[in-house]
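Each chain carries a letter (A, B, C and D) given by its place in the written order, and its residues are counted from 1.
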Amino acid sequence: MNCGGGSPRDYAAAVLGHRPLGDGSGLLAVRCGEIASSAEPGQFVLIRPGTGNDPFLGRPLAVVDAAGDVFKMIYRVVGRGTALLAAKRQGDPVTVRGPIGRGFFSARGEKPLPRKVILAGGSVGAAPLLFAARRLGMSRIERTVMGVAGKGWEGFAEWLKEAFPGVDLYSDDGTAGTKGTVLSGLPDTLPGDTELWACGPQGMLRAIAAKYPRDGGRILAALESRMACGMGGCLGCVIPTVSGNRRVCVDGPVFTAEEVKWNELSSC
Amino acid sequence: MNCGGGSPRDYAAAVLGHRPLGDGSGLLAVRCGEIASSAEPGQFVLIRPGTGNDPFLGRPLAVVDAAGDVFKMIYRVVGRGTALLAAKRQGDPVTVRGPIGRGFFSARGEKPLPRKVILAGGSVGAAPLLFAARRLGMSRIERTVMGVAGKGWEGFAEWLKEAFPGVDLYSDDGTAGTKGTVLSGLPDTLPGDTELWACGPQGMLRAIAAKYPRDGGRILAALESRMACGMGGCLGCVIPTVSGNRRVCVDGPVFTAEEVKWNELSSC
Amino acid sequence: MNSLRADLSIAVGGLNLETPLVIASGVWPYDPALWSPERLEGVGALCTKAVSLQPREGNRGVRVWETPCGMLNSIGLQNSGVRGFLKNALAVVRNSGRPFLVNIVMESAQEVRENLALLRDAPEGIEAVELNISCPNADCDGMAWGISPESAARAVAIARSEWKGPLWVKLTPQAPDLPAVAKAAESEGADALVCGNTWLGMAMDLKGKRPAFQRVTAGLSGPAVFPLALRTVWQVCGAVSIPVVGCGGVSRWEDAAAMILAGASAVEVGSALFTDFDLPRKITEGLAGYLAEEGLADLAGLVGLGRK
Amino acid sequence: MNSLRADLSIAVGGLNLETPLVIASGVWPYDPALWSPERLEGVGALCTKAVSLQPREGNRGVRVWETPCGMLNSIGLQNSGVRGFLKNALAVVRNSGRPFLVNIVMESAQEVRENLALLRDAPEGIEAVELNISCPNADCDGMAWGISPESAARAVAIARSEWKGPLWVKLTPQAPDLPAVAKAAESEGADALVCGNTWLGMAMDLKGKRPAFQRVTAGLSGPAVFPLALRTVWQVCGAVSIPVVGCGGVSRWEDAAAMILAGASAVEVGSALFTDFDLPRKITEGLAGYLAEEGLADLAGLVGLGRK
């Protein structure tokens, strides 16, 4: 039993495996039974990328999969923290705080599961949807639509095809899958008893919310925000919602589209 | 040719091997041809122990041996930098600045080599004397006297015996070798045409200098000091000498005992 | 463990702490799980997030930014107001079983009086207050009360007249003459001084080509500022005789020991908790080990020893 | 490479720099090998170690101390005096083929006059001076000249009357009102302002149970102070219209870009060179890449762009 309740803890763990996916992205497997056994899809960890206090803060990475005492993450190099992650080798020690946040299932509260779910992922935002798909079961997945930028994302696109058989893949320049964005792969109206679970860049999430203005309650979006503590303490990660500022780290990262004040969201 | 003259350079290198010697000390082999081929005994490197800027400064470690494109260092854990070194694994990247300083041979200027040399090392200070012994050749070594604190130094003492066959070993508590200090193993007077090359704690070096007050010119001592730049720029590492402040990093670390104002030396 | 606790106990400005490790204001959420004694091993006391008279939304835009060995924040005092605090948070806070301080932001004279009156009359009783005089305020010409000795004296006098219990005053390192401000706070009846708060810094958003924070400047905290904070602790301890609590960049037991040697009776830890929940335990164990090694019987014997 | 250089050239306070990267005072030795053009790739100009009228021994005891992402120093201006500089170091310095500034410590009015007179009359001619007004001096009641606008104005006026060539004035962040000091230096004829020097910090020696430095406080530098230095650059650039050179904690091209966006025309790099000789090249290449990405034709177009 986790006697601290749902609040995250810090674990000194070790890298069990590291599979580069090309173009500066990769899949990191970390052995940490406490996180692996309790994480739910949409939750994330703060992983500290270096030694000492520089870089100072942990980097938020979604849990992509968890089984036994191992959980996995996918990173894409965008700055110095992720560059350090890309250099991790098997056996390297890492400190992880987790599991953090309200995942896709928890965000729905007590409601029974929908009959069907459409998964929509943009770039590395696709990652946590793999975990969601596993837990939902194939029969419940109505459609899986993923988008990447294009050039420089070939390796990651290959992984997407492997992870989500039958995925509808789009890229801005047609390099991978069909030319287009995730939006082009989504139905014009959201069928009844179907939910849309989405994760990706803010622009994509906002566009999805705008596409189905009356169905915001059935759209679950996992958001990003700069974070310091990952435990709800610093109030650094808040976003504006209809019920005031909410913390992405512990009140999210999954919110329903109707909760979020999309127009007041600042870029992160 | 090293076109920068004798001044050190920075190298991105990799750990080739790491042999723990017990009690928090170990032997690190690093592949870096430029340093390996040009280092002389008594010289050292600044090795940066972590990622990012914390720890900020490089740690001075003596070159213990160099052959081909590989050089070796011995560390003993005393703080956070050396603790990070102790965690290095084969293949880990390390940044080293070197080779730095005036070694035993250079410190003698143009003088012909003495007929005999007595080597005196205290704790990890013994390390660079291995390199000196290799370059001097066995026939020139009159005597090798080494001292360790005692308990907690067993592993290092074993390495000393292996590295210096026939070493006169002392420890404060008799745990390794004979009970006593390096001083007990040194002759009452320094024979003619013999030099004493020493490296170790400041107290030991000062005691040696005091033991042979008239022979300071034949005693070469490798000193320690806190350092920032390792290139002579910051003036952070100076010690008082008869010719004013001298920088341990580039004017030393090897000085003749008669140069150093032993009584004005502050602990480091 | 019991014996370790006894060694580290210390009386600071009206509070008896089992350890000199205080959780700084603004970093610990009102999450019942995190205020459970099990998650607070090593903690001697806790400060709440700033409480203002009225609820505050806080700042828009980017609120936190990483820096080398530290971070900038521009949270802007988001909180649900003193009534919200009393109604929702107080019960959680009490659950720790440890002394706590309600961090009060020094607003206008009138607001802070009302705020303290509500705390004073809280049915369950609140033991101690930490007065934060580092935020700009209109009653003080838009400057922070803590910038000048005169305005700091006024601020403390106002709070003192409303609050008879333990009153810690949290200084700002932006004060040009910090020792003078410290003396002013002491003479107006502060029970202890917390030295200090965040350091004024800034970040630039290279993609947006504009300051990262909407208010341009933000507060720097974390290990980066430790050498600066230690210097202010040294200066302030030389200026006053009430207890001083060091705050700024503490992330290892060595930092706590250094501040205590410089004259602090305790330390607050903030940002470093973002990197390690277990720090209070590690720091107090490290301190206990240091005391033993140095042959000191209790923590009080370490206070100011580095000034002798 | 040539095209990169052209892009990054900038005129700053009477000097034409090929790149905006200046090596800060007190970090680069008079080692002929290190002043060779080959070892200075990316460097636009260099400052010498502080030169005083008479030789100085500097401070005793510990002189440098590592801190999180930074370091403290208490070197105490060790140097061989202006005559020693002219005799031994100047030839080495010239070897770089780059503009250089002789860093002059602001001593008593009389000393600094004599010092500048000797530099002015140097047979080989010296182009530029950087006046360091951050060290305590008796002529200034034991405070640094740079602490108050009045004394800073006096210091600059004295130097200006003796030195007609390019005069950069290096401010100290310890000034309570830095923009006012900056304005005072500008009005007395400074050609550029360097903002700033080290930040007052301290370290404790836990084994000795006393301050690590004999003079107790010491100057903090390195990446840790970058957010603080950037804030001062922003403030000073808002106060004056002469060029400003950012200094403090620059260790990556992003830092240089941030200071330039805040209004600096160039940056000085000090402590970070202790960790990487190759930084000037890396920083200038990074800046060139950033300019290209942002579609800017030259560095001048980046100066102050973050204020718009």
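Assume a contact is a pair of C-beta atoms (placed from the backbone, for glycine too) under 8 Å apart; a residue touches a chain by one contact, two chains touch by 3 or more.
A quick note: this is a predicted structure, and the numbers were derived from the prediction, not measured.
Student: So if I look at the partners of chain A and the partners of chain C, which chains show up in both lists?
Tutor: A chain counts here if it touches both chain A and chain C, which gives B, D.
Student: Using mean Cα positions as chain centres, tell me which chain lies farthest from chain C.
Tutor: B
Student: Of the chain pairs A-D and B-D, which one is connected by the greater count of C-beta contacts?
Tutor: Spelling it out, more C-beta pairs touch across B-D than across the other pair.
Student: When the C-alpha atoms of chain A and chain B are each averaged to a single point, how far apart are the two points in Å?
Tutor: 52
Student: From the mean C-alpha coordinate of chain A to that of chain D, what's the distance rounded to whole Å?
Tutor: It comes to 46 Å between the two C-alpha centres.
Student: Roughly how far is chain B from chain D, going centre to centre by Cα mean, in whole Å?
Tutor: It comes to 35 Å between the two C-alpha centres.
Student: Residue numbers in chain D touching 2 or more other chains?
Tutor: 67-70, 222-223, 251
Student: Which parts of chain A, given as residue numbers and ranges, touch two or more other chains?
Tutor: Residues 52-55.
Student: Would you mind writing out the residues of chain C in touch with chain D in their complex?
Tutor: Those in contact with chain D are residues 67-70, 72, 176-177, 199-204, 206, 209-211, 216-217, 220, 222-228, 230-231, 234, 249, 251, 254, 257-259, 261-262, 290, 294, 305-306, 308.
Student: Within their complex, state which residues of chain D touch chain A.
Tutor: 68-69, 223
Student: Write out the stretch or stretches of chain D touching chain B in their complex.
Tutor: 26-29, 31-34, 36, 38-39, 49, 57-58, 60-71, 73, 75, 78, 222-223, 251, 271, 273-278
Student: Enumerate the contact residues on chain A facing chain C in the complex.
Tutor: 3-7, 9-10, 48, 52-58, 95, 97, 226-238, 240, 244-245, 250, 264, 266, 268
Student: Once bound in the complex, which stretches of chain B touch chain C?
Tutor: That would be residues 52-54 of chain B.
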